[in-house]
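Both of the next two complexes hold subunit A, though its partner changes from subunit B to subunit C.
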Partner chain A sequence: MAVYEKIFAAISAAVLVLLLIAVGYAAIGLGINLPSHREVIPVKPGQNLASAVLETPPFNTPGLRQIAKNKYEAVVIASAWSFLPSEFDLPAGAEVTFRVTSADVTHGFFIPGTRVNTMVIPGQISVITYRFDKPGTYLLICHEYCGLLHHTMAGKVVVK
Partner chain B sequence: MSAAVVFEPNGKFELPNTHRRLIAYTIYVGLVALAFGVTNGLAQALNYAHIDIFKYYPGMRTYYQGLTAHGVFNAIIFTFAFANGFVSLALSRALNRPLSTALLHAAFWSLAVGTVLTAGSIFSGKSSVLYTFYAPLQAHWTFYLGLALVVISTWITSVNLFVSLHRWRKEHPGERVPLMAFMAVVTYIFWDISSLGVGTEDVFLLLPWSLGLLPGAAPMLSRTLFWYTGHPIVYYWLLPVYISWYTMIPRQVGGALFSDAIARIAFLLFLCILPVGMHHQYVDPELSHGIKFVTAVLTFALFMPSLLTAFSVMYALEIGGRRAGGRGLLGWFFKLPWSDPSVTAQILAMLTFLPGGITGLMNASYNMNLEIHNTSFVPGHFHLTVGSAVALSIMGICYWLVPFLEGKRLWGRKLAIAQAYFYFVGVLIFARGLISGGLAGMPRRTAISLIPYAEPAGWRLAGILTGIGGALMFIGGALFFVVMAMTVLFGEKQTVADIPFAETIEEPLREGWQPSLDRLAYWTALSLLLVVVMYGPFLATHLPPKFVAQPFQAF
Partner chain C sequence: MAVAVPKEVVKARENYLTEGGLLSWLVTVDHKRIGVMYGLTSLAFMGLAGFEALAMRIQLAQPNNHFLSADLYNQFFTMHGTTMIFLVIMPLGLGFFGNIAMPLQIGARDVAFPRLNALSYWIFLFGALFMYSSFLFGGLPDAGWFGYANLTERFFTPGSREDFWAIGLLILGISSILGALNFFVTIVNMRAPGMTFMRMPIFVWNILVASVLVLVAFPPLTVGLVFLVMDRFLGTHFYSTVAGATPILWQHLFWLFGHPEVYILALPAFGIISEVIPCFSRKPLFGYAAMAYATALIGFISYGVWGHHMFATGMGPIADAAFALSTMAIAIPTGIKVYSWVATLWRGNFVWTTSFLYALAFVVQFTLGGLTGVMHAQPPIDLQQTGSYFIVAHFHYVLGGGSLFAFLAGLYYWWPKMTGRMMNEKLGRINFWLTCIGFNMTFFPMHFLGLGGMPRRIYTYGAGLHWDFWNMFCTIGAFVMATGILFLLIAMVESLTRGPEAPADPWDGRTLEWSIPSPPPVYNFAEIPHVHSKDAFWEMKYGNNPGHKVPEVAAEHEAGHVPHIHVPAPSMFPILLAAGLALCGIGAVAWLRITLVGLLIVYLAIVGIGFEYPTYGEHPSKERGDDIYPLDSRKVGMWTFIGSESLFFASLIGTYMAYKGRDLIGPTAKEILEIPLTSFSTFVLLMSSLLMVLALAGFERGDIKAGRNWLFATAGLGCIFLGGQAYEFNKFYHEGVTLQHNLFGQTFYTLVGFHGLHVLLGVIWLLTLAFASFKDMVPKKRALAVEFGGLYWHFVDIVWIVIFSLVYLMDKVTGA
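Moving on, here comes the complex of A and B:
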């Protein structure tokens, strides 16, 4: 019986290792990776976070801008209970880098059906890049509880 | 050779009456919390089906207030209270010696006062911060104080267990620690190390901040401390149930546990691979790809002890089924004592743990988290684990435990069996709804019945299934409370001499490498070492805390 135990343990470990290899290949080989970005909002002692955000470039001018052919940058401030801006019009095939920060509490930045899924933590800047190939209207939602009207915090990405 | 999982299996076990009452009251605090939690759970589930019944709930004004109550009562008060009571009993029986009555009193009162404070602050509507209480959401100070007392009650329980084991070892030099006592103590060492994160966050950051003593909140530090505890906490929910699955269920089904050593190794693996909480922070901006991937590897490694448990427990069940005359590959399964509600509930709970574990691996799969992070996939997953593998098992354990503690017969055995099936079928439909909704992008922790935008494809069916499943779970939960209340109030008197405990076929050895499994100080040191490796660099950059955020109370 100890033999069966060893066989079971070996198969279990092998399955877990194979799954990890698949995940690692998807991350490195296919480039499907998690967000990771160390930039922070500098807050002076005694300063309100919201005012620090509005003073810190590029968040002093939130909005969508083209930075190269088919490349866009979207600078977004999340605050209870809206995204600024909350609508993004893009041509199909546009690659967008979202730079998002929060002016108050922890929010989420999630576009279902895409790989855009990041937390937005007060004092930190979240950066995530995605190429919108398929035309359509995408929903943008806050997916972290942020107070009474959390469920109303939404926007959209329109790809034509 | 076979051996029992307790010391002096044939010796007379007498639980002192003070112990009996305090353990019973501790568990009843948990069951009352569960009743509140389950009642709110019904409203949460119906919300996904676009039915808003919160307006009819006394004392509950919003979805998020109800969700806070649901999470805190079920995931913290109920589970902690049950663990404190049940594991104390397990240790006392395993060593066949009484615990410190003073510490049992202290743990009970700390739990009870903490529960009342926290519950009061939630019902007042001033603490709708959910059970993750992400700062800078700011609850009333009684919320943080209450939770601190609840955590302190688990620490008092730990001291009681450790002191008792220490004394037993002095009285019995050279003896192997009985398996049930080993599991009880490892569970609490594991939890003590795990609870350092949320304990520190609550006592040093949130409580003083809510009293106006700190200039602000440190959101990233707070959430990282929370999740440091917030993943291992699920094993603190689970390990008391594993004690039942390993050391009690084999006896209840007429089987036996095969290997003592494998069971100990599984518990030590949990203890030594503890710092995996960052997989809840895969899409946090600050943490590096490296630490996230290492966390994924550790989380996968932590799946091993649960796979070993699946093997050991299934084998124990098979021994029981074959002894009862079961033949063939699966015939033994149907020969198990399905007329025993305690067994039925726990086996059904084990079955839900299979999809629960698989969906957990999906959550842990690094970049796959981009698809499901903070969607309803996550509650779909954890209602299959804590919401049934743990909760339904605890209900099953209560079917022998409450009669044992009360000295009464279980009232309504058939109703108790029906209860388990209602809950089992309900949670499978419920989780099917939430999981499919999550894959279609439906967010968790969101008042879906109030969303201002059009529902994307796939959310409607998901929501309806969630509502139907949740309603069935609620019926199962309600029946459980009927059976419990009737047993306590009107059960026939019947003295139950002892708790169920199993035998192991391969007994613990006194020679060779096996006794080193009992050297808990070394395993504890190893566990702490990995904690320092995983969290040291993060803490070095975040201490002293940068208080950047202002309090937020719009809920």
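Moving on, here comes the complex of A and C:
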């Protein structure tokens, strides 16, 4: 290998090592928390998923609830082709924990402009927390193709 | 404009295009003809996928549009993706460019297994037609090219559309695996004397690594599709929650395939660029060694990044961090390639051909796509982008602005070699600029749309979301691009009908394909070249090695001397086998009896291929003085197949392990497996391997009778093993463990059943050999035929040892 090629290779290797250290520190040292699936929907043998969802608290009572000052819990059932509930009214500064599960196929739960973006997989409960600081109307979209009327599956979050 | 001054035009008397009539194309085994057929078929499907894309863009141009129905739109976006990936980019990269350029660049006369090459093409054609025939039976597949479970379950996607998709892909997968196996053995075994790995063109490196990726990536897809077909046809629950299963299994299996797949789509493109840029910069490729290692590294790491398609599925922070790390790592060797191309361009003496323009556009566009890819390699950023049009922009930049543009560069580059005509550069310029401007108009704004919140795979969108302007802009861009592609067609037709004749070496090339006439004769090289360095042809022309002259093409052919060279003879069995396979697919969606007919045809065609030539099993012709082919190609081929098939079993075993302990109802392994009985079966199977060794020894010393008897004995023990399996399955069945009963039932029967199927195929193979030996078709000099039947048999045995240990013994030992 010519001299330039050796230098080039050495720089490439050094950059690789540096980047790996940086990413490793960011990932493990600083910690990244993503929607967790540690919660599941228990299904009895032969039971239809939709009925299992409706029997599992808190999904037997979906909706938006306030649990503390400025803290809310939104329990959402995603099914083809709607979210239940699909509209959320919140005051500015409210911190919401979304608990979403699917009653049939894989859906998505996406609020553009925020970091709320998760796949909703049948049998799993997706949990994601976000604080809505800015007032406005946020779109809630299903972004995981779920069949014929996937494009109609939407809702909104209204923050006053 | 500076194109290399055409040298004296030299034409061989007959070339690969003109020999034989139209029907000879049906039985051809010539890699150049097969490549041309791949190219034409892929271009036709590109037209189809392009039509689907334009229809989608018209539909999306305005909010609340009704140009297409929602159902038709969903079919189109599914088939646009499936077609572009499986029927256009992959067959162009490997089937077309791999076939026409790789054997020429390594100085070979053909690929290692010419009939297998033809078979790959015909299976590809019939599989593609099979999948599209779905349109005649209720509509095209409509569950996305990625077919996420559990939408694909029969409950949510009834009808036959998804069946055509799954079975079609299974058929196409066979074509890809066979083709990759062929290219791998060819590159390993058939390089010209003196062409070490570090002297072969980077394009060949890329084909090599892409072939390896096909061999290791397709088995998980096969397993995933098999599970899907079982769920849809046999009522199992691999992907539905009813039995405790989870749809995310599909995503893991699919992306284990899917990520290496995108590198399969990219690597041939990288290879082409690594040929085009040095040629038209009139400089050698910068950093050859780094490029070679980077190619291998990309292949290796690509197998470890699949989870980055699943950052939003809740795998947990450790898994997410690991996949983020590996995805960032794979950007490094890719970056090395980009730096090398730029360094090659630096201070180059440019020749501004259309091919070169496409290559430059590739470097810019692929880098853009790569940068956005590095963005969403980070999970926090991915949570802004996944599921949105930002991702659509990313992959169209790497696949469209990347692979497609590279293929267009390659098409213009190798067009003179393959057709014997020059392309019109003026038309080429128009084609390039319209395509380039149109492409960027179509896909750059999708970054904005994605960040503005527009999700993927939607049929229409509401007004007032601020997406209107850019969608209309994208649609206009799509039509500009389509016009550009139209000019490509015009240029191709113009060249074929009125283009000037092309010399052997129009570009003053660096690699061996430019040393033979355009179009090449059937036998490629009159004399296999001896290679002493990288850029072998350049070195021959301008190097200072005395005694190495440019192969005297002109003199030879002017004198009318056509060398007497043995070329692989045509065969009707590849197209017959492919037809049999297509019948199997048709039977699966229609009437199972048709599948049986198909299987019979497949078996007879395999026997036909096996015994077609009297030299079957013998060492290849001894044309070259030195023994440059160290290992027999067929043995290398069998080892390669074993490597690929191991991953098939690994995916099945992995699924068994993943679902272990998740059953909602028993009985499971602990309660029902009988170790003593199965230990006896295992012993029987292992003994059969010993008898196989004795059989081979018999044939190798010429004692056909003894060899045959040991073959029968081996097959006999194999049948006893199968009998034990049948007894066990029957017993479990009567104890209530059916295929659909619980997770243990479906994973156990599938895993052990597929192994049993492999044993059964082995028994049929050995019996076929034994009966052929009665007809004196397996003499001592053809013992090789028995040897690699033996290799397969031993492989199946070893797989059983793994299955027995993990499924039967592990429960006993750990009590898990």
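What we mean here is this: the second predicted complex is superposed on the first by the 126 of 160 C-alpha atoms of A that agree within 3 Å, B and C clash if a C-alpha of one lies under 4 Å from a C-alpha of the other, contacts with A are read in each partner's own complex, and residues count from 1 in each chain.
Everything that follows uses one rule, which is that a residue touches a chain if its C-beta (ideal position, glycine included) is under 8 Å from a C-beta of that chain, and two chains touch if they have at least 3 such contacts.
The structure displayed is predicted, hence computed values, not measured ones.
Colleague: Should A:L84 be classified as contacting the first partner (subunit B), the second (subunit C), both, or neither?
Modeller: A:L84 sits against neither subunit B nor subunit C.
Colleague: Taking the superposition on A as described, I'd like to know which of subunit B and subunit C A:L54 touches: first, second, both or neither.
Modeller: A:L54 sits against neither subunit B nor subunit C.
Colleague: In the superposed arrangement, what residues of subunit A touch both subunit B and subunit C?
Modeller: Looking at subunit A, the two contact sets intersect at 1, 5, 8-9, 12, 16, 19-20, 23-24, 27, 32-38, 41, 43, 46, 48-49, 52, 80, 104-106, 108, 110, 112-113, 115, 117-119, 121-124, 126, 139, 141-148, 150-151.
Colleague: Going by the contact rule set out above, which residues of subunit B touch subunit A in the complex?
Modeller: Counting only subunit B, the residues touching subunit A are 62-64, 67, 128, 130, 134, 136-137, 215, 217, 219-220, 223, 258-259, 262, 281-289, 292-293, 296-297, 300-301, 303-304, 307-308, 311, 361, 365-371, 373-375, 440-448, 450-453, 456, 506, 546, 548-550, 552, 554-555.
Colleague: List the residues on subunit A that touch subunit B in their complex, please.
Modeller: Residue positions touching the partner: 1-2, 5, 8-9, 12-13, 16, 19-20, 23-24, 26-27, 32-39, 41, 43, 46, 48-49, 52, 80, 104-106, 108, 110, 112-113, 115, 117-127, 139, 141-148, 150-152, 154.
Colleague: Within the complex, which stretch of subunit C touches subunit A?
Modeller: Within the complex, subunit C contacts subunit A at residues 70-71, 74, 143-144, 148-151, 156-157, 240-244, 246-248, 286-287, 289-290, 310-317, 320-322, 324-325, 328-329, 332, 335-336, 339, 343, 379-380, 382-384, 386-388, 452-453, 455-461, 465, 664-665, 742.
Colleague: Could you please specify the touching residues of subunit A with respect to subunit C in the complex?
Modeller: Touching subunit C from subunit A are residues 1, 5, 8-9, 12, 15-16, 19-20, 23-24, 27-28, 31-38, 41, 43-49, 52, 80, 104-106, 108, 110, 112-113, 115-119, 121-124, 126, 139, 141-151.
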